[in-house]
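Have a look at this one.
Order of writing sets the chain letters: A, B, C, D and E. Residues in each chain are counted from 1.
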């Protein structure tokens, strides 16, 4: 399988630790996934609110760039950010479904010297780890089993719906399996895919804060001592606003929220710095086996 | 009473039709005794002026072989039509377009380019092409021009009868001459051969299984051909089931499959279409990809199913997006 | 030749309305086509359906005749594999169709002009979809405009198209 | 509050926009708008509906009926967090999220969204940033958004910004794509050209 | 020569064209007057008329009159689909003395007026089809329908209430009936129900008398544990092969005393009981349920130690003083000939685990409706006591309608009965345990006799109704009141507010759906399925129990969701159809068989292996192929394959089809 890595803007900013830990884990697992040269912002959700076709064209440019790298095998483009993953998948799907859109985008790309034929496969790292690499190989790489770590796997909204096919939309399992493979205990909880309000926290703070708070609260209630996320915005929201939640809801929540790749890195015995643990607001040290 | 006058003319043909006349052997003497040949460019020294000098309808019967493409051929067949009471299209080329008709798969320009520029043996750096008119010291030279498409004879002039085959089997020719001489002719337009397909007279028909299912089509050089067994049953593409009889299954007796030179029977509208339907139906495959790969074993569908009859087929010539092919 | 009688004017302009002859089997596709009607699914008016009992009756000569007589495309509809009312007629149709397509390839007939679809009796919506797609496809290709085959100059040439001028 | 507050709630047909539903349904994702059976799944599955002035189900009904002004002025469309839960759960396969996007765009086109309401401003700032650099720049975009909508909040957000800076999670400089960012602008311009061509 | 402008039998065609308005069905789209004028000018057309309803008596009379007065010898009717009215107009021709096959139809309703948006385009298309019909009909020949005697016995497949009812009607009419059921007992789903709506009759009380009537009827051969393997032949003369699985108990000896069950080496049940939807377990030797018919125990070969491992003390054998147990029983095959077949294979229920948002299978207190039926039934796993899997009695129950129905991701259709079932269950829960009940519905569908009245009654019972489709059932508590409960999240759409309602028990009214193997079954019987997997009727209005295969009829839910009265009514209709077929004594065969011209056939044998019915053989004397008309079913595959045009099919000759091609292309 030929992989390319599409980090997306957030992984170069607030989600830096996701970028670092993902690359470190790739490295540890012997995966070759170079960064897509010349990538641009996927447009995320905000762009869609301004101009739909442009948003699609913006995303499609990345797919066209990835396709250029095509050898004999189709390219698997790994998009760790939930928003990027969704948007890139969506443009694929919509170009196939809506002829008019396809024409406009294809012609626009052509005008700037690009082509897209629809051969790229957009993959989330969870999918790649569980379905391509396999849990056996991951288990084999574990040097520091995460005994006593109770993980609430939080997939967020856009990783498993509406276009992903690698996991169940209502009760996804891949991250839970992955956490169990690392020696941790995945906690069963009902809010794995409930939205964290990420896009709202910056704009309608009350709504966003409350949505994140609900998640953290329920995860703690179910006995989790850490939450794992698969999206930079979720992580930012759930972690960086915990202080604010304390003020708003009068309830002290100190639940570490880490990228699932950071937890993998920890189990693989990677150095804390390499997987960006120092970048977290809520220290993970408190959680068993994460120190 | 004087002997009936006869003509024998060739258009785009190979000469095999003339050979078939020679194949009459001793019967040829009877023919020449009964008929007076007044035009036979291959064998006798009559000229066009001689024909032009005749009265309309003076020739009792004229046999014309070969397909029609050049302006000369057009002029000649029209002239002969005028001078003849009966026109008989003789041989596959006149009947259906024949082997020359396969040229309808290409446009004229690409044929000329290939012939005058591209063939490996061509040395023509200036790209000279024959011109309809060339002025040379001493006067003007003219050459016939070529039409965009090859045509069968009846696509150019009215034809009264057909003697099919490449070349026509001599018994058919003999029977036709006898019919003309005796005046006992079938309705006009008839193909003067049995209106039943070849399997009727094939010596191997009893060896054809009643549950034939063909896995893939073979070409003769690919297998060791059993000289007794039905060729289709051996996987060879034999067009016998869809081709007129009258040849005595000559090719099959020579251990080669029928290639369809006598054309279809009268009830069929498209020779290739009918034989394709029959043979494809007999394939064993049921899954789409199996079917496709079985059909891949036919290397050249046109050359196989329409070898002698592209101009006479429903499509007439290769389709180009510009439409009519400019003919 | 100047005696072209095929419609030429429409070529390349928006006024071109494809003429499509459709051969539908009685049990599945023709029934589906009725169902589309009963369900009031509107679709492009360009197809002319000819009913046969089974797609196994459909053969290259019928398709060729339709193209020769002015159709810009031919659509064939039969029961899904395994569903043939006569067990296996649709397979025979498929085999002939695949061979015919190869012939068409050599003869320069665009593959999109002939289409074979399995449409079950319940798939009225598929009749609608396939018809619309086919019409659009052929509209894009433009009129077929086959090279006119000179009419044979006699009353019954061996290869005459059926009923040439029969009822005129 | 001594007197009873009353309001006229009647709607006359001529106050409605008869083309509104069609204009939304014509966009990619809008095709099933007319198929809604008002079951309310979208509303109950929505994690934000508790804040909305009209539940998503009502937005669909109102859109379909031509209540353009009410729909475009609602807070619902701006509260949609794009979590796609409604789209996935709708038993009629209505792409509710796409319809919300379409309504947001329409509201911005018609300039009826609440002034100083941060979401559209954020969207626009985001759009600008990408156009210029090929990348979104979280820090700068948010800063502009706050300055444009509620400058007083700037102070409140300073603490968070500082923390992020300290942990290397926010760049001070402008993040730019590799290669030629003008290609993005050209691509966007071409989209406009192509869209005009096909309409 | 062979394609002349002359009727095939030599006489000059005189065609009459009749264009139907079909009220406004055709006339609102097709300009029928223009069509009439167009038809009038077509070759051979002598007269062309329009009429409001061509298929009505006066319409038919119009044709008959013209045949006599204008000496017409060919008739074209442009109206609806030939699949609908071909027979009608053929009869009209015959009545006027014209051979009925000198007739053809142009389908300008189903395939023109109903599917074309633009009126001008519709008229144009109609013209093309009429021109084709006129061109084709000239080539028609006089044909005769053949009569074939029919077998008087009937097979009914499936012995739920529909199959039982149909079988009894036929048996009472004196017909021998084979009733085939794959379960060990007849009774079907109705046998599992507690009460039936809206009358609240006890289901068993009204069903079991019919079950025993089946058992005792001299005209009914009942085969349980049996499957149809193969069907061949055709209407009036089907051959059916039935696979009969062993029961390992001799039916004729067993008196269902139950001593063997008692004696079984297993002291407790170990196989989930299908009848109780797995809410209880039975032993390897068991009685399916107390009223099972035939009244006999059977042995589950997978669970029985003797049968699965060959080793067991076989206490059951000892216990049976009638020596009814027979471990040596094998699969048997029976082949029977019948004239008609009624399919009454019923339905299965939607698998609620396909909607994980409702937590079925995850939360023990989420039940399906059929489970609850067993739970409230006095003969059920709890003897009618309503206790949940965790042993508690529910105080508050949420009933969710439309689970898997009206949902494009699962079944787009409305299952029709769930509203009433849910109302019935709400009523029972109020009545039996005084629970607080919430019904969550999208639309309330109580359309038939007495149903709305029942809704009214349940409203008055104090059941809470929330109009809204439930998004989610979770154990996620947000308030103290929600702790330890199942929380239902729903928009109360009439109020416009999202509500969270904690309940003890959730009941899912799951959709009715076609059996998983419906596709295999319909292939066996050579019929079609609708998109949703239900067996397809010949016409939704006019032939609702017939199929496209003559002689095969449908009864009950296998054709689409129905409640009990509707199923019974349809079973009656299917029985009447079957009776009318087999009682007549013969069937007429459409004369569309193939024939081969012996004078031109070359004997190439291409056609012989292509015939699926082995109807073509070789005449060894003449060395030509011959079609056995009795075996030919008229597909025309041999005709399509004949490379020398010697094979032809009546009603679909080369000439007729080429004329049709010419017709659709050349006149408009």
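Quick note on the criterion: a contact is a pair of C-beta atoms (placed from the backbone, for glycine too) under 8 Å apart; a residue touches a chain by one contact, two chains touch by 3 or more.
In this text, all values refer to a predicted model and were calculated from it rather than measured experimentally.
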item	value
Number of hops, chain A to chain E, where each hop joins two touching chains	1
Neighbouring chains common to chain C and chain E, by label	B
Chain whose Cα mean lies nearest the overall Cα mean	C
Chain pair showing more contacts of the two, B-C and B-E	B-C
Between chain B and chain E, centroid-to-centroid distance (C-alpha), Å	58
Interchain centroid distance [CA atoms averaged], chain B/chain D, Å	74
Euclidean distance of C-alpha centroids - chain D vs chain E, Å	48
Length of the line joining the C-alpha centres of chain A and chain D, rounded to whole Å	23
Junction residues of chain B, two or more chains touched	187, 189, 264, 266, 268-269, 274, 277, 279, 281
Sequence positions of chain C contacting 2 or more other chains	59, 61, 65, 88, 92, 96, 155-156, 160-162
Multi-chain contact residues (two or more partners), chain E	1-2, 357, 610, 637, 640-641, 654, 658
Every chain pair in contact, whichever chains are involved	A-D, A-E, B-C, B-E, C-E, D-E
In the complex with chain E, residue positions of chain B that touch it	187, 189, 195-200, 205, 208-213, 240-242, 245, 264-269, 274-275, 277-279, 281-282
Chain E residues within the chain D interface of the complex	357, 402, 406-409, 442-443, 467-472, 489-493, 496-499
Sites on chain B touched by chain C in the complex	95-96, 105, 149, 151-152, 154-160, 162, 164, 187-191, 263-264, 266, 268-274, 276-277, 279-281, 283, 285-286, 288, 291-292, 295, 298, 300-302, 305-306, 309, 311-321, 323-325, 327
Chain A - residues contacting chain D, complex	9-10, 12-17, 37-41, 43-54, 57-58, 61, 86, 94, 97-98, 100-101, 103-105, 107-109, 111-112, 157-158, 161-162, 169, 193-195, 197-200, 202-204, 206-207, 211, 240, 278-281
Residues of chain D that touch chain A when the two form their complex	27-29, 47-48, 51, 78-79, 81-85, 87-88, 97, 101-102, 104-105, 108, 117-120, 122-124, 126-127, 130, 134-139, 142, 145, 160, 163-164, 167-171, 175, 177-179, 181, 183-184, 186-188, 190-191, 193-195, 197-198
